[in-house]
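Just so it is clear, A, B, C and D label the chains in written order, and each chain counts residues from 1 on its own.
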Amino acid sequence: MLNRRTALARSAQVALMLGGLGLMPRAAFAAYPTAAFEAKTIADLMKALGAGAPVESKDVTVTAPDIAENGAVVPVGASTTLAGAKRLLLLVEKNPSVLSAAFDVNEFVEPSFTTRVKMGQSSNVLAVALMADGRVLYAQKEVKVTLGGCGG
Amino acid sequence: MPDPMRIRAQAAGDKTTVRVLMSHEMETGLRKDAAGKTIPAWFIQEVTAQLNGKPVLSAEWGPSVSKNPFLQFIVKGAKAGDKIAVTWRDNRGETRTDEATVS
Amino acid sequence: MRSTRMMAAIAAATAAFTAVPLLAQTQQPKSAADGIAEYRKMLEDGNPAELFEAKGEDLWKTPRGPKNVSLEACDLGLGPGVVKGAWVQLPRWFPDTRKVQDLESRLLSCMQTLQGFDAAEIAATPFDKGEQASVTALAAWISSMSRGMKMALPQKHPEEKRAYELGKRAFFYRGGPMDFACASCHGEDGKRIRLQDLPNLTKNPGDGVGFAAWPAYRVSSGELWSMQRRLNDCFRQQRFPYPGFASDVTVALGVYMGVNAKGAESIAPAIKR
Amino acid sequence: MKIRHLTALAVIAAGAAQAQTARQLDQQTAAMMRASFRDQGIATVERLNQDDAQKACSQAKPPSAAVAKKIETAQLAAVKWPSDGQFIGDWKEGEKLAQNGRGMTWTDASTAAAKNGAMCYNCHQIDKKEISFGTIGPSLWNYGKLRGVADPADPASAAIVKYTWGKLWNSKAYAACSNMPRFGHAELLNEQQIRDVMALLLDPKSPVNQ
């Protein structure tokens, strides 16, 4: 059994090893951005990230279904065709906390990520690109969350 | 010990699509149990990936990512036979690393 | 079908107007059914049932239980240790237990005889807890080993035929405060509850539908459900009392639905709302 | 034709033995049901006890016209009409009830009607704004409007108003083997809740009749 202590020790070893090689990813060094993940509105989120007001852009794409058969699992994706994106964020406007996921963009990955999120109700889903030049670009799409099954 | 991930990495030219399924509750901290007690938050906070040991992906997640999470990303410059390792770490400090070979 | 063709026509028309900005394109009017179909399609790639399949394979091959042996000598109907193809022929008659058994009840027998577990105790354990979770994971892996094969339940043994007849009667049995039977929801073609399609289980409902889709990963609960769990929740929604795990009525219904589905391709474990 | 003929011959040949078997299977089914289920919370095994209507509608084949007629007559006689003569309640409450699919399962705490939903959208289209609706029952969009109900209190509307109450109270009064629960008869909804669902269907102000 891998208990909590050995798990921590092991990840510390990995961190040391990667750090020693000068290959430590930024996120592993940085503390988890709790304030960003607790932001209740998009404005609060941008404040927590030290970013400016987002501007809608056709160079950013959000992928999501029109209708979700169940709000517990909604497939969503964020991507951009622009060079110079630093981070891609996935947001659900009407969730208790708006930020679902943040992905670092670097030279080794395509600026295109897909995951699945929980949605408490019908809402806009946003893909936000934080650009190296300080611009904040986004695309959004409304996802309708339906009531399903017998409902009991 | 956390259950293993399922990782698929498929190369097409210069781009390798990596699909990952992780076994995790992703508890939001907002739900209550049958007795009305709040179930504490328990979720993956960080996901990283290495290609042959070189960091290629770094992501941070909140508790609104779905239970048993799915992640897809595209790595540049990988070829068949390369190793993709994925690591997650949750808010309890638990971590899990699994590896797949690019096909 | 009609709506798919219409969507294709709209897509073609949109493509002709390349000046239409990308943002506007995502706002196509779509029927609810098309929207749901699109949602399901997006989930197919990456079914978390795979996580349970991996666990189940491990559980099958690892020595466990009071006797510390694996399940590799378990006979699922095609001989000891034969897993591939076993799922599409269950439930069936087993001479050793002198019973018609479905996958889950057969697993209980094997876990008791081979590994020394107490089958009755596992049957009484709530879903997803303790060895019940093992049975579910095993069912996920075993069913996955028949993926793409056609349902072919045997109906040679008189007890298999009798189970079909009893299952049919149970399927049409009305009761409870809402007068529901299985047939109330699953007795006709093309019906749905809310937006969920209801397979007609009185006949072969088609490939990968109904009996040929379970076990399945349930998106709504993030759990894997075997057919036993599926039936349990059907009875709950039917407002019936609680069916015992692997009880005769659940096995008989399995025979009725499975035999009706003869020739349908199994996609189990599937992904469901 | 030939197959049917052969089957007929087989049935004659098997004769009494065949009929006996069918009856035996019915008895075995009853025993199997009793042995397979147990009480859980409010859902007790007594729920397996069938009344005449449930029993007559428990085969793949519907009962004969005569049996169906008998059931319908008995069920109609059991309908309770509103005690104060008021048929119409609040459509907004009716919509909430129509959306609510809860109640009477073994995970519900109480069998009190006040705790139950009317679960209408599970099987019917009602307000067109709700896209998540079932199709086991017919669409009820424009239910009152299509039937010419401009004022439910108008004597001209009396017949349809009364029928709708009866249908909600005891669907089997009009179709012996209806798939619809008997909301009043089985005490799934109380009088006021039925009034509210009535309003959703018949009130000219209800979104259903726009």
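A few notes on this one:
The criterion applied here is as follows: contacts are C-beta pairs under 8 Å (C-beta built on N, C-alpha and C of every residue); 3 or more make two chains touch, one makes a residue touch a chain.
Worth saying up front: this structure is predicted, and the values here are computed from it rather than measured.
Across the two interfaces under comparison, C-D and A-D, the one joined by more C-beta contacts turns out to be C-D.
Work out the mean CA point of chain B and of chain C, and you get 27 Å between them. Averaged C-alpha coordinates give centres for chain B and chain D that are 48 Å from one another.
Chain B has residues 66-67, 70, 72 in contact with two or more other chains.
In chain C, the residues that touch at least two other chains are 32, 193-195, 222, 236-237.
Of all residues in chain A, those that touch two or more other chains are 67, 72-73, 75, 116, 144, 146-152.
Interchain contacts give a graph that is no line, ring or star and is not complete, per the touch definition above. All chain pairs that count as touching, in label order, are A-B, A-C, A-D, B-C, C-D.
Contacts from chain D toward chain C in the complex involve residues 25-26, 28-29, 32-33, 35-40, 43-45, 47-50, 53-55, 57-60, 104-107, 111, 121-123, 131-136, 172, 179, 181-182, 186-188. Across the complex, chain C meets chain D through its residues 32, 162, 165-166, 168-170, 172-181, 183-185, 190-195, 198, 202, 235-237, 239-244, 247-250, 252.
Those residues of chain B lying in contact with chain C across their complex are 3-4, 6, 19, 21-23, 25, 66-68, 70, 72. Those residues of chain B lying in contact with chain A across their complex are 1-2, 15, 26, 28, 30, 45-46, 48, 51, 53-67, 69-77, 87, 89, 91-95, 97.
Listed in rising order, the residues of chain A touching chain B in the complex are 1-2, 4, 7-8, 10-11, 14, 18, 23-28, 32-33, 37, 72-75, 77, 92, 95-97, 99-104, 106-110, 112-119.
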